[in-house]
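See below for the structure under consideration.
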């Protein structure tokens, strides 16, 4: 646990040192990180893909029903996967295309109806709303900006969607009335981008608060003042590195 | 002598009080339409007397004589067919009728191809009345008719697309509006050549089955042709091994097309790791150490976008981004010199290559967008008129553009 | 041979594409089962593809070490970290926990992957500030609306802003619920048309870039 | 003036980094406690727990992993403090394997500060696979779904679980969710069938998507992100990391806003000078 705190605090500080400038500590952290993550994905691929999805079910099926064709069906992805490796041998490299074709064909087919459903029809459905409502006291139109379903917001929504869609027209030059619509679209885009930017600040700050809380925790006596000691060492190392590289430059 | 009629009268009154709960009218059971089986649906007419303290129980059996088992209970003024539940071309019951879906459960499993018998019990206080017994057999369906509009949309759009591609093949000189970011591509490559620094090109986080990745690889092909021509060095770090393999082929082809197959280097495309942030750390490292003069960010991105572009900005590189990841657009727009927003990324590949297929596709998409824009405007008008004149007639049109499950 | 090289991949794409596009409209359990199984196949194939990536990493860093380019020592660090993780991972059987006790692999995950990931992610907090400082300048009308809406939302999101200017909270809600959703919807619709068009072209064999190479391949 | 403005506009961004670091660090070390407005959806959760009788059964599911810790851990701590103060019997569990260690840590820490005993006042069941089907299994028989708890103690006969056979005996349930296998899943597979009252806590990112559940009454309260956690801390009158965190949020947001305003001021000074020169 205590060793963990030291390692975690050290790696955190190494990466943060990148905010100062590129330096050996960051390089060390970066290469460690890449190495660990590649190793991690290899282990995960081996256990979850090869063992759990391929080897174990295949072994089970074949030992239980060796005569049934269905037991061997998992050999298809295995063979396709192996075809990918044909790329290592230039002469038969084209075989890998069969695997690409399989993967991309599946992806494209799956995408079409689902995209139409949730990103086209569903979006149209949510945008098209009556501007007025019929209540007990007859027809009324909502002017309450705070309620997203009110009539006035429905109008804003339709204008926004239509003008931004028009901005994405490529075969029409944006002139005349088209220019006004496209400009409206650009303003909508910019307001939305600004709002989204401002909105995201909070969640990014939460991450930083989380990291800093951990560092503060590791600065406690029960962890041997890990953060403080490591912070001092990091600063010293950076200073030493600066001096050394300055000296080298002067020579 | 007087007592008897009184008794009769009382009996009669009592019977009429009991009969105050009407039996459910028009009760029938059917196989749930458009589903994977193992489920039945019940339909009966709504009654003006439905209310919260009158409950309906559903009793189910696998033989006509029982034993019946209670599987559901709810207030009698719930479970209606509501507008928007079903499209008009695939309605199991009239709007306003009661509609209950019974799914197979552990308490009462429903199997396909076996007849089941259902009856309703309506009760209020200590009065109760049974409906008739209805029979139905569950079966899985082979086509979801509620999604017919989806299929029609796909087919119609395909038709428009093929027609406009054919038209563009006959006449490839379709005018396309200027896209600001693209004029900068040439400039960025030129600058890198002058400064003798590499060009960094990222294809995003997506796999080969995403449009943004494919558009990014098409643009990479065009950029690589120019790079080969100017003899600048190109670096393409990858997160997906398949995309890397495809990009190697594409870049090689571009060098061949530019007449410089000798200048092609196999390791201009290389793999770093598939993990999001370690990839980012490594690319940031490349930016700081090799100081590329131009950074291209094409494809789809997640939270790493700002980590990449801010580092790139600090090294003074020209940055051109193009993404359809709407959630990351604010960061690209604020930190890059040029950003291709959403569809502009796809348009860019057509604009740069002037390939009839791509240009035709773009036109086809424009037709599609025009159509959707008119649906939005007219649909809102129809929906409003529908409320004003209090009529459901427009639903026949509006339902065509709804998403049904 | 030419058929195998050129037509077969296109045929495979066509069959896969059409089958799985239609799968969506078929609620029958057989169709559900098909997509679940084939999705697993995709995971298996991508597992094999990782080898391509590994080969690339080994190549890039082996070259660096062999030529002793500046910083080649870090390539050794990378190799060492990778090997160590793989060895520890296989020893722990790929599990982060066995019987409630943390394995060495789990330790590596908790005390190196998690903090490293969290730290890289949290650098965004610094960058979002510096990006705001650089980019939010009222250079043009477009830049000005961007700036104003960002500042309003930043105010409306935190207690201090809600305390100083209570109305910013409502404005924030409106900007996010109405303007932002209008724009995202429009972008989504446009992008989706592109997605459908491209997928269609891939299935019909019009677009072949993904196979790597020009139109005549 | 012009020179100063030019220098400031091209300011070394490391100074901005320092300002942000300071704006996070100072409030964390010494919170200044800005007033926090409590929203009705957070109050809903608090009041429901407040009204529960002693020894009621409260199930808290940790459906997140370390990457969402900054937002959800303070929520968990605040909820546990409240539950322990009300002498509820607390059952903890998780659907996310990677969140197990974190969840156990939170339980032991909060229990230690309120002197609650594992097995008597609370139990942490740990992780079990199955997600939705695990919930169904718990709805049928809790002891079959979790024969033993995280520390390998058999669950059968634990004093804390006295009279609890399945999810039907749970009085209140809260899922702290960072993704899809959280609140929605608990509602669909759990509450809908086994009829316990439930609420949710979530990261700021997914909170807006959960409001429809709140409006329709499928959950009776929602704690959203760090802000929600801070509101809960205000309600139980115990300032914790979330309140400090919200101070840091206010501080950093204002640092950025002031920077943006300054930058524009300098920009206009420069532009004005340029205009004059022309």
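Chains: A, B, C and D, in written order; residue numbering restarts at 1 for each.
Everything that follows uses one rule, which is that a residue touches a chain if its C-beta (ideal position, glycine included) is under 8 Å from a C-beta of that chain, and two chains touch if they have at least 3 such contacts.
This is a predicted model, so every value here is computed, not measured.
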Between A-C and A-D, the pair with more C-beta contacts: A-C
Of all other chains, the one whose Cα centre sits farthest from subunit B: D
Inter-centroid spacing, subunit D versus subunit A (mean Cα positions, whole Å): 22
Length of the line joining the C-alpha centres of subunit A and subunit C, rounded to whole Å: 4
Geometric centre distance via CA averages, subunit C-subunit B, whole Å: 18
Where subunit B and subunit D are represented by their mean Cα positions, the distance between them in whole Å: 30
In subunit C, residues with contacts to at least two other chains: 21, 24-25, 46, 49-52, 54, 57, 71, 109-110, 114, 116-118, 120-121, 123-126, 128, 130, 132, 134, 136, 146-147, 150-151, 154, 157-158, 176, 183-184, 187-191, 193, 195-196, 198-200, 202, 210-212
Subunit B residues counted as touching two or more neighbouring chains: 147, 150-151, 154, 207-208, 210, 242, 245-246, 272-274, 277-278, 281, 289, 329, 331, 333-334, 341-343, 365, 369, 372
Multi-chain contact sites of subunit D, meaning residues that touch two or more partners: 13, 17, 20, 24, 227, 249, 252-253, 256
Residue numbers on subunit B that touch subunit A, as the complex places them: 147, 149-151, 153-154, 174-177, 179, 207-210, 242, 245-246, 272-275, 277-279, 281-282, 284-285, 288-289, 327, 329-331, 333-334, 341-344, 347, 350, 362-363, 365-366, 369-370, 372-373, 375-377, 379-380, 383-384, 386-388, 390, 398, 401-403
Subunit A contact footprint on subunit D (complex, rising order): 14, 17, 20, 24-25, 28-29, 69-71, 203-205, 225-227, 241, 245, 248-249, 252-253, 256
Touch list for subunit C against partner subunit D, complex: 96-97, 99-100, 102, 106, 109-110, 114, 117-118, 121, 125-126, 128-130, 132-134, 136-139, 147, 150-151, 154-155, 157-163, 176
List of subunit C residues in touch with subunit A within their complex: 4-5, 8-10, 12-21, 23-25, 35, 37-38, 40-52, 54-55, 57, 71, 74-75, 77-86, 89-90, 93-95, 105, 107-116, 118-126, 128, 132, 141-143, 145-154, 157-158, 170, 172-193, 195-196, 198-200, 202-203, 210-212
Contact footprint of subunit B on subunit A as seen in their complex: 15, 18, 21-22, 26-27, 29-30, 33-34, 36-38, 40-41, 84, 87, 96, 100, 103-104, 106-108, 111-113, 116-118, 120-122, 124-125, 127-134, 139, 154, 158, 161-162, 165-166, 168-174, 189, 192-194, 196-197, 200
